[in-house]
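Pasting the structures in now, so scroll down.
Next come two complexes, and both contain subunit A; in the first it sits with subunit B, in the second with subunit C.
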Partner chain A sequence: MLQNQRNSEKSKQLRRTLGPLVSASLYLAPAALILITFVYYPLLRSVYLSLYETDFLARPIFFTGIGQYQELLSSPRFWDSLRITFLFTLYTVPFALVIAMPVALLGNLPVRGRTFYRTTFICTIAVSTAIASVVWTWMFAPTTGVMNDLLRLVGIAPIRWLQDPRFALPAVSIATIWKGLGLNVLFLLAGLQGVSDELLDAARIDGANSWQSFRNITLPMLSPTIFFLLVVGTIEAFRSFAQIHIMTQGGPLRSTSILVYAIYRDAFINFRFSYASTQAVTLFLIILALTLIQFRVVERRVHYQ
Partner chain B sequence: MISSRQKRLLHTVFRQVLLIFTSLVILFPLYIAISTSLKEPAQVFAYPYAWIPNPIRWQNYPLVFSLVPLWRFLFNSVIQSTMTTVATMVTSAFAAYAFVYVDFIGKKFIFLLVLATMMVSGEVTVIPNYLLVQRFGWVDTYWGLTVPFFATGFGIFLLRQFFMQIPRELYDAAIVDGCSRIRYLFVVMIPLSRAALGTLAVYTYLSTWNQYFWPLIVTNRTFMRTVQIGIAMLRDEEGDAWHTIMAGVVVVTLPAIILFLVFQKQLVRGIVGGAVKG
Partner chain C sequence: MKNIRYLGTVLLVVMLLTALSGLGQARVQIEFWHALGGHIGRDVLVEFIDDFNDSQDEVYVEPIYQGSYLDVLNQYRLAVQAGDTPNLVHVYEIGTRLMIDLDSTVPLQAYFDASDLESEYMVDNVLSYYTIDDQLYSMPFNTSNAILYYNKDMFREAGLDPENPPTTFEELREYAALMTGDGKYGFGNYNFGWYFEQLMAVQNAEYVNNNNGRTAPATEAVFNSEAGVRILQWFKDMVDDGSYLDTGRDGSALRAAFVGGNVGMRIGSTGGFASTYADIGDRFEMGAAFLPAPEGVERGGVIIGGGSIWMPKDHPEEKLEAAWKFLEHLASVESTAFWHVNTGYFPVDRRATDLPEVQTLHDEFPAFRTAIDQLEASQQTYATQGAVIGVFPEAREAIQEAYEQVLLANTDPQLALDEAAMEVSAAIRRYNIQMGF
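Then we have the complex of A and B:
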């Protein structure tokens, strides 16, 4: 009797845990199927492929272990593409912020037509990187492009932007900064809403000029947003592909061959799937590290508030 | 001496000039695209640069439609973006609902696994995904273009945050009154979450429309290309015919700009809201 009661008690408890689990699985099934098939499985598969030598159909031939990682780390070409990726990040991320900051401050001014100006300032979020790249390729055209005409107007000799190894990466960076401006301004505008008006008023009454108020109140209060944009911008820079593929194909003289473009070439042009996977896994580790840093700081910000 | 009123007026004018100047600089590349799309070929190659199209030549637009199957590209992009958007909304709504209203063991951990997918960018998984899609026979199909994006950690996260704001008492009362869980989702939650669903829809539509890497890999035949790839290819094929290329650029960007202008509020909410993952 007691045994029976205990058993039914147990089965009731089991049902209480299993019931929700079954219905949760039903609700989660569609999303889980997609995320497992197209995110988790490929991630593990990338690691697997990176440990094997593969043929041109990506079939594993023999196990190499960390051999390809060693090959990668001793390849000057890999370090070169990593260096170019860092350089590209350095050209795009800080400048994007330095340009976006005054634009956001302007968009925050209490003036007539503010909504219109804000819309204009963030409109590049609607433009794709591919389209931005095509337009800027035309603007950077050597003799007929508008950028060289602007240089001519201020008395500077024309530059062979995308054909000159010295200028190709800066040119691609300019296009990238323009395309990213909308997103940076958008986040800074959102961050500016959180800057306390009372503090700014108090500072003005105390005789602070606008630069002092900006330096000592606005900037510190925006620091979480700025940090967020720095990290997200860096991740975006490491993921960049379309602008290189369209504007320079990695050239001239491989001066713009950033990491994702190198992966693309190795996998889909040279059919070295395993070596490309090795680079993809490396890219993943870099992005992972950056994201974790960001999470850590976002968490800290939440604690502060 | 200027009075304080004049000073204030001067201040206002100065600000407006600054704002207009900034707007012009930001819109400059778009002006170049539009003005070039209206130029005669001779003006495209003119030196020095011709800043204003004269005469205005509208024929570049019909021309670009006849040079490449631009209607087909637009159609492909509409199908691609619509399929991805609808599927993302369905999978995200179901999953988010479970994360808010079903108390199952391991919920926190599974939610973390969902969030973690946001760290795995498509560039990292592109090789195995391509091989997978190839094995499914999905190269050059709408399935290949879209299915990998049918669920996103972002979508689930966004809807979960919104679902959590709806008072739980509502749910408890409905259950007591004999409403089933699935019925509650359709009759109460989805109508109440129109704002969040709208945000997710606009965001997904725009980012799918603007995709480049994946459509490039997974489409080979011209008639399966999306607008982004189509325009990039146009550039390769047409070389220096920038007037026609820019006509194509305008045609392809216009839908995205209109979407942005009409649904700006939803879009901004999606971008800013989704970023605060804390």
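Then we have the complex of A and C:
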């Protein structure tokens, strides 16, 4: 009798601990399934393929070990792609933030037509990168593009935006910044809602001018948002593909051949799946390292409430 | 609540009836993957297939646009891996070797021999391109080659005779200089490896060894010859003259510049004729001429470009039969005439030129005729049959990079092509190892 009672007590306890676990797993299952199928499995498969030579159906033929990694690290093209990727990140992420900040601050002013104003800037989120890239390609067209019309208007000789290796990367970056503006503005606006009015009022009473209250109150309060956008933006820049594919195909003279595009080229033009996998794994490690560094170095300066 | 249940019953009945009527027809569904975008894919192809579907009730073809030629090839490779191939797949000419080596389709020779199609009337260059080891592997579909488009109004303004377009590299360079100025360029071009392949064939020069890979698998690239250098040097000279508009890799920017009357001459595909005419409207008069060849070089000819249609195996016999029925229709005199009139692609069957609609077209726009004449004037050599290599996409990319090296970084053409050839030879060797050649 007592034994029975103790047993049922035990199973009740077990159910109490296991119950949440089971339901949690059930809730997580769909997401986990998707992540495993589309993220973890391909990742592991890439690691596996990078250690083999493959045929053009991406089937492994023979084991090469770290041979492909050695080839990659000694290839000047890889280092060039890496340099271009960093440059692209440098051109896009900070500028997209710096431009989004005043736009968001203005959008936070209590004036009429604010919703319209906000929508104008945020709507770039709704445009797909592919479509934006096509439109920007037209705008950068050498003889018929509006960008060169503008230059002519102010008396500057037209630029061969996407055909000149000096301008191609900046041109693609401009398109990317424009495309990324919406997301940045949206998050900054959301962040601005969290800046306490009391603090700002107090600062005003203490005689702080608007720059001082921005510098000392708004900016620190926004820092978690800015940090988030910085991390996400960097990852996004490292993974950019569509705009390169549509606007320049990595050219001219490989001046826009960022790492992801180099991977695409090796896999889907050159049919070297193993070498492409090697680069993909390397890219993964680089992004991982960068994100860790950002968390260690930059996050120290972030103010969390 | 009751209403909903009632509605459900009605829906069920309707669905059952539709399914039953489908059974009654018993049409064989054919999935056809293609790479024809823009107006041709959206309007011309759809009209063509609708007409076919309406004309009989045994076969129903469903066209599926899969993106660029390269995209189709990649999608198809994935489909082969997954064992889920379409019934017909449209592959560009340079995918031929890869398709043969994939060994996933039925060669069409036997079907062809058993059909009413008569090879004696088919354009030789076209059949021979897709015939390897005496087997016709795929059905020639949209067939084009490169031709010189020119703006007759700009010729007149520059004091040139619009009925006497340039025939040599040297003449073209001279004419281009005369037409340049005031924001206009005598010649425009975009970085497209196919033009290089055509200009090699014009000089009767081969692209890879072993007779362009046609008598044995190629082992080495040979486009870094005198002929290859001449092409890049020619472009470079015109860039230095200031008469060359380079739109990089953007073909539509070149098209916009030509249609807008800012470019006097360009090299383009015959497949773009009809739509270019439509875009120009009555802004200016367009002419077409044979591709120029360097002075003193014996003329070879042009390679056919475009695509052909392959029939994947591992489908039930009735599907194969149905797919073949569509291919047979595609190669008929009427069909090739339809394609020619609506796009500018060649009529694969020579008898099409006797049809009234084609004759009317040629009288009104002699440029369409020029394209056919250029193909027929081509010598039949390994050079003009075109190279067959499995790594063609990569080779094209290498050529395009050499072009950029020469035009943008002032690299010596020989040097740039040597480097490209080295890269392509390495790719060919890797391919041959992968294929076990």
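In the analysis below, the second predicted complex is superposed on the first by the 251 of 305 C-alpha atoms of A that agree within 3 Å, B and C clash if a C-alpha of one lies under 4 Å from a C-alpha of the other, contacts with A are read in each partner's own complex, and residues count from 1 in each chain.
One rule holds for everything that comes next: contacts are C-beta pairs under 8 Å (C-beta built on N, C-alpha and C of every residue); 3 or more make two chains touch, one makes a residue touch a chain.
Everything numeric here is computed off the predicted structure, so don't read it as measured data.
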Quick one: classify A:Trp178 as touching subunit B (first), subunit C (second), both or neither.
first
Of subunit B and subunit C, which one touches more of subunit A's residues?
B
Is A:Thr137 touching anything from subunit B or subunit C once the two structures are fitted on A? First, second, both or neither.
both
With the two structures laid over each other on chain A, which partner does A:Phe56 touch: subunit B (first), subunit C (second), both, or neither?
second
Looking at A:Val39 after the superposition, I want to know if it touches subunit B, subunit C, both of them or none. Which is it: first, second, both, neither?
first
Looking at the overlay, does A:Val93 come into contact with subunit B only (first), subunit C only (second), both, or neither?
neither
Tell me the contact category for A:Leu230 with respect to subunit B and subunit C: first, second, both or neither.
neither
Determine, under the contact definition given at the top, whether A:Asn270 touches first (subunit B), second (subunit C), both, or neither.
second
Who does A:Thr119 touch here: subunit B (first), subunit C (second), both, or neither?
first
Going through subunit A, the residues touched by subunit B and also by subunit C turn out to be 58, 137, 141, 143-145, 268
Sort out for me which residues of subunit B touch subunit A in the complex.
12, 15-16, 18-19, 22-23, 26-27, 29-30, 32-33, 36, 44-49, 51, 90-92, 94-95, 97-98, 102-105, 107, 110, 114, 117, 119-121, 123-132, 147-151, 153, 156, 181, 206, 209-210, 212-213, 216-217, 228-229, 231-232, 235, 240, 242, 245-246, 249, 252-253, 256-257, 259-261, 264, 267-268, 271-272, 275-278
In their complex, what parts of subunit C are in touch with subunit A?
70, 74, 77, 80-81, 98, 102, 183, 191, 245-250, 253, 256-257, 260, 262, 390-391, 393-394, 397, 400-401, 404-405, 408-409, 427, 430-431, 434-435
Subunit B partner, complex, touching residues on subunit A are 17, 20-21, 23-24, 27-28, 30-35, 37-43, 45-46, 49, 58, 103, 106, 109, 111-113, 117, 119-139, 141, 143-146, 148-149, 152, 178, 181, 183, 186-187, 190, 228, 232, 235, 239, 241-242, 245-246, 260, 263-264, 267-268, 273, 276-277, 280-281, 283-284, 287-288, 291, 295, 298-299, 301-302
For the subunit A and subunit C complex, residues of the former touching the latter:
53-58, 61, 137, 141-145, 160, 162-165, 248-249, 251-254, 265, 268-272
